[in-house]
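There are two complexes below, and they share chain A, which is joined by chain B in the first and by chain C in the second.
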Partner chain A sequence: MEKISTAKKIRVFIKHNGRIIIGGTLVFLMIMMAFFAPLLTKYDPNGTDIYSRFEGPSQEHFLGTDGSGTDLWSQIVYGARASLLIAFIAQIFTMAIGATLGLVCGFFPKVDKVVMRILEAINSLPTILLIFVLGMVFGSSYFNLILTLVIAGLFGPTRYVRAQVLSLRQKEFVEREVAMGAGTLRIMWMHVLPQCSSYLLVTLGSGLSSKIMSLASMSFLGVGLPSGVPNWGTLISSGQSVLMMYPYLVFYPMLALAITIFGFSMLGDGLRDLFDPTTN
Partner chain B sequence: MLKFTVKRVLSAIPVLLVILILVFSLMRMIPGNPMYSLQADSNMTEEELIMMQEKYGLNGSIFEQFFRYLKNIVKGDWGTSFFNGKPVFENIFSRMEPTILITVFATLISLLLGVPIGIYAATHHNSKLDYILSSTSMIFTIVPSFCFGVGLLYLFAFKLKWFPLSSYEYIEKGGFWNSIWHIFLPSLAIGLSGMAGYARHTRSQMLDVLNSDYIRTARAKGLSDRKVYYRHALRNVMSFLITMVSGTITVNLGGATVLEKVFNIQGVGLLSYSSLFGKDYPQEQAILIFFAVIFVFTNILLDIVYKLLDPRVQLD
Partner chain C sequence: MEPDKKILLKVRNLKQWFPVNSLLLEKKKYVKAVNDVSFDLYEGETLGIAGESGCGKSTLIRSCLRLLKPTDGSIEFDGQEIANKKLRALRPIRKDMQIIFQDPYASLDGRWKVGRLLEEPMIINKICSSKKERKEKVNELLEAVSISQEYINRFPHEFSGGQRQRIAIASALATDPKLIVCDEPVSALDVSVRAQVLNLLRDLQVSRKLTYIFVSHDMSVIEYICDRVAIMYLGKIVEIGSRKAIFEESAHPYTKALLSAVPKVSGEKNAERIILEGDIPSPVDPPSGCVFRTRCKYATEKCACEEPKMCDLGDGHMAACHLIGKA
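Now for the complex of A and B:
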């Protein structure tokens, strides 16, 4: 048998998993940026300095300063923290709660009727308006923000897992298990969840990017995050009022947002190709 | 067909009822009472406050309020806005023109750009242009549509001055094309964000269909590529596209509300944000229900079209 050199192995791996590598690197860099924010900038993201308002990029201020003299780079670096942390937690809870609800709905028709009607009602409102309303209802705190994003995102995973349950329950091997006396919990755990795990994994990437987008849109509209927490949506929103004079105030936060979402979508697509061979 | 339509319409009633309950309770859950802020502003006495509460249907328990609201809706009275005292739907209808135009126009842009790209990419599968098209259309999905809005606003309205900076002008005032000119940039922002989805899904659906047996048969009969693609393959992709449009409508409607803020267009979106901040319950409830009804009825309509295209479809 011909020996495959390590270099070739790496080349093949890169060729097949290019998207995972690119996406993973970008996501990793963003996470590192959020984690080591204090090391990357010496400025306070909320500090003001009226003597250096609207300064263009310079040695002092890498990306310039905004209207209250706050360093833009420090705001972007610290902004990654809120976006990533909230998106991660919200996405994990969305999937966990969505999967649980889906399982329960699939097995208990009475619960199903009520829960699905509520979720359909939620789904029929435009997401952005819904998260805006929920943001107003719950007020500004990290916990409530996560709750808002979770509620707004529940429909997809719940519907998917529910559909899986309904179709699997018809299958002979599940019927056999039932005949042998397996309880609902055992069937949920042993047969249904494994079938859904690849779906949940491949929607992780797109789910995370949509959470980051929703978060940015929310802060752009002025709800959600407590005031004073640096984040990209707020930066874009405040930059837009001086767009004509200082476009860079909008450009750099958008770039950060774009890089992050690009990273997550690449990673998600790569994972989908890896775990779900049926997709093209 | 009639039975299908009736069944489909009837199935929407429970959802609409849940929407009503949901929207009503959500609005009441927003902290603060609109009457108290009114009182603080205008030095009302306690009696006047009670009178105002009665006038706007805010007295009694939340259940009493809800059933009163429901009863009034059945009578066709959706309430009046706390702020300008006009019936809520009069406010909505007077401002919905730009919102609807943006939504429809954006959906058209995503369809008209995305579907041909998808078809081309599928029929020239794995060619260079396939990769280029697929990856360029992906660029438009990496920022939320409002970011594009801000970018387009800067480039085409501030710098190049091709499009107006002034806010929306109604069709009545300047004609249809003038209005389109005013909403072109926000629609483009939303449309481009949606385009990639259409391109991607059309491509994968088309590829699926092209690999199926009946396409091979059609080719074996000696049909030209054109006929195979447009007469046989595309028709099967159509029914899939219809489902996709129904999902896009709410996304675009939501996008339109945000883009209205970017471009300062006085549509239903801005109205809804201001009524939310001002806790104008009847107005906000009406707007949310209006959007939900648009969604529910577009879905019914699309289901019927779907059924017409593909008679195998059954309601579950």
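Now for the complex of A and C:
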């Protein structure tokens, strides 16, 4: 076997895992931005300056200011903290709890009947109403916000994983596994969950964006984050009222959101291809 | 068949019924996929199960392996009653009975490499505890099915159908089972690979003292590999006997029809072809009396009202038909 140089190895890795690298970099940059927010801006994300309302991008204000003269860049940078953190944690928990419920429902018909009816009942309410009601009931601590988002998003992954279980249980390789003497837990963990991993990785990106937007709607309705906490959702919804005159107030927060979602989607896709030998 | 042969699997009056969704207030209906089946399987033999599709062949073997919970009846495997055992209690017994499926594409988890696939049954059943022992065993298994050890790190989708089926066979052998149930193992394969796989199964039977139940709808395959044959129709065994008895002295009209459908090489005298009219009746409402009477040209009134008993034709050859001994 000929020796492959390190440079070539790196080139091959980049060629095959381009999406992981792009996605990973974007996600990493966003996380760093949230983490080092105070170093990236000198303005207070809540400070007001009556004399510089609705200023366009300038040397002073990198991305301009909004209606109360608050620097947009500093709002975006600080907003990444709450938005990313809460949405990410909520998404991880949604997927973990949803997948577990789906597995249990798929394997145990009795539990299935109860859990799926409850989830269907929850899902029959409009999401925004549900979030509003849950937000009102639980109150707005970080934990309760995450809990609300998780409950509201649980139906999708549960239904998907459950359907996967039901179809995989008919598959011969699972039947053979039973014939070999494997227990239910082993089949769940070794055979069914890996089959769902591509779906779960792909939903990481899309789920995250919907969580950030739900969080925004909640804040807009007054049941989300307290008014002093900057976040992208609030930023977008408050910019909407002056969209025709000052479109950049919506554009830049949207751009930040889009880059984040793009990054997570790329990362999810790349990881899926890396872990799924049947796709390459 | 020597009379002192040990019985490995003893099935008595096995019933496997599946409930069908019925309307409210309607009498609950069942699909009688396997309805009152009894047979013995002797150690070291190959029992063929033949019949047209939908006659309950696959259901029967799945109940025998307890992949399904039988509705009624008894299954005795290697001296142990397993029909009513709890799933957990079955797990230690399972390593003695393995299954090979029809479709080698569906029966191997595509995410696992060959080496890992073959280790899986050993890990589950805690055979060969150390990694090194398992590796050796995997190599030995691959050699037994003549697949090169270099392929150990390949995925199933990189193999041809015949190779995959051999990998499936290797993984069934991993726990050193006594019984291997083959559910149409060559039906999905090219004709050219078929003989190869059949010969492999035969060689393994001798070298590893295996007992087979071999399900197929292909009578020529059955004739090639089986010592004894059971013919199923609509959830029942209608005739059972040695290969010779079934292929040369078949007694049941259904068996005769089935055999006459096997294409003959030209030059042989073509026997009269028996063509069955109509379709197989619904297993939800099987015909009264003899299940085959709706398509049997010899059917009499007696066939409609009385269910034929299995009658012994000597040497383990049995058939269920009222006409036997009369014509």
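As a working rule, the second predicted complex is superposed on the first by the 189 of 280 C-alpha atoms of A that agree within 3 Å, B and C clash if a C-alpha of one lies under 4 Å from a C-alpha of the other, contacts with A are read in each partner's own complex, and residues count from 1 in each chain.
To be clear about the criterion, a residue touches a chain if its C-beta (ideal position, glycine included) is under 8 Å from a C-beta of that chain, and two chains touch if they have at least 3 such contacts.
Please read these numbers as outputs of a predicted model, since none were measured by experiment.
Student: Which holds for A:Y78: it touches chain B only (first), chain C only (second), both, or neither?
Tutor: neither
Student: Please determine whether it is chain B or chain C that touches the greater number of chain A residues.
Tutor: Comparing chain B with chain C, the partner touching more chain A residues is B.
Student: For A:M180, is the partner it touches chain B (first), chain C (second), both, or none of the two (neither)?
Tutor: A:M180 contacts chain C only, not chain B.
Student: Per the contact definition in the header, classify A:F107: touching chain B only (first), chain C only (second), both, or neither.
Tutor: Neither partner.
Student: On the A-aligned overlay, A:F262 touches which partner chain: chain B = first, chain C = second, or both, or neither?
Tutor: After superposing on A, A:F262 lies in contact with chain B but is clear of chain C.
Student: Identify the partner contact of A:Y252: answer first if only chain B is touched, second if only chain C is, both if each is, neither if none is.
Tutor: In the superposed model, A:Y252 contacts neither chain B nor chain C.
Student: Would you check which partner chain A:E172 touches, where first means chain B only, second means chain C only, and both and neither mean what they say?
Tutor: Touch partner of A:E172: chain C, not chain B.
Student: Under the stated touch criterion, which partner chain does A:I122 make contact with: chain B (first), chain C (second), both, or neither?
Tutor: So A:I122 only meets chain B here.
Student: Enumerate the residues of chain A that count as touching chain B in its complex and touching chain C in the other.
Tutor: In chain A, no position sits in both the chain B and chain C interfaces.
Student: Across the complex, what residues on chain A touch chain C?
Tutor: Contact set of chain A toward chain C: 171-173, 175-183, 186, 191, 194-195, 276-278.
Student: Give every residue of chain A touching chain B within the complex, in rising order.
Tutor: 117-118, 120-129, 132-134, 136-137, 139, 209, 213, 216-217, 220-221, 236, 240, 243-244, 247, 250, 254, 257-258, 261-262, 265, 279-280
Student: In the complex of these two chains, what residues of chain B are touching chain A?
Tutor: So the residues of chain B in touch with chain A come to 14-15, 18-19, 22-23, 26-27, 29-31, 138, 141-144, 146-147, 150-151, 153-154, 158, 204, 207-208, 250-251, 253-255, 257-258, 261-262, 269, 272-273, 276-277, 284, 288, 291-292, 295-296.
Student: Show which residues of chain C lie in contact with chain A when the two form their complex.
Tutor: Going through chain C, the ones touching chain A are 65, 67, 88, 90-92, 94-95, 97-99, 101-103, 106-111, 120-121, 124-125, 155, 157, 168, 171, 175.
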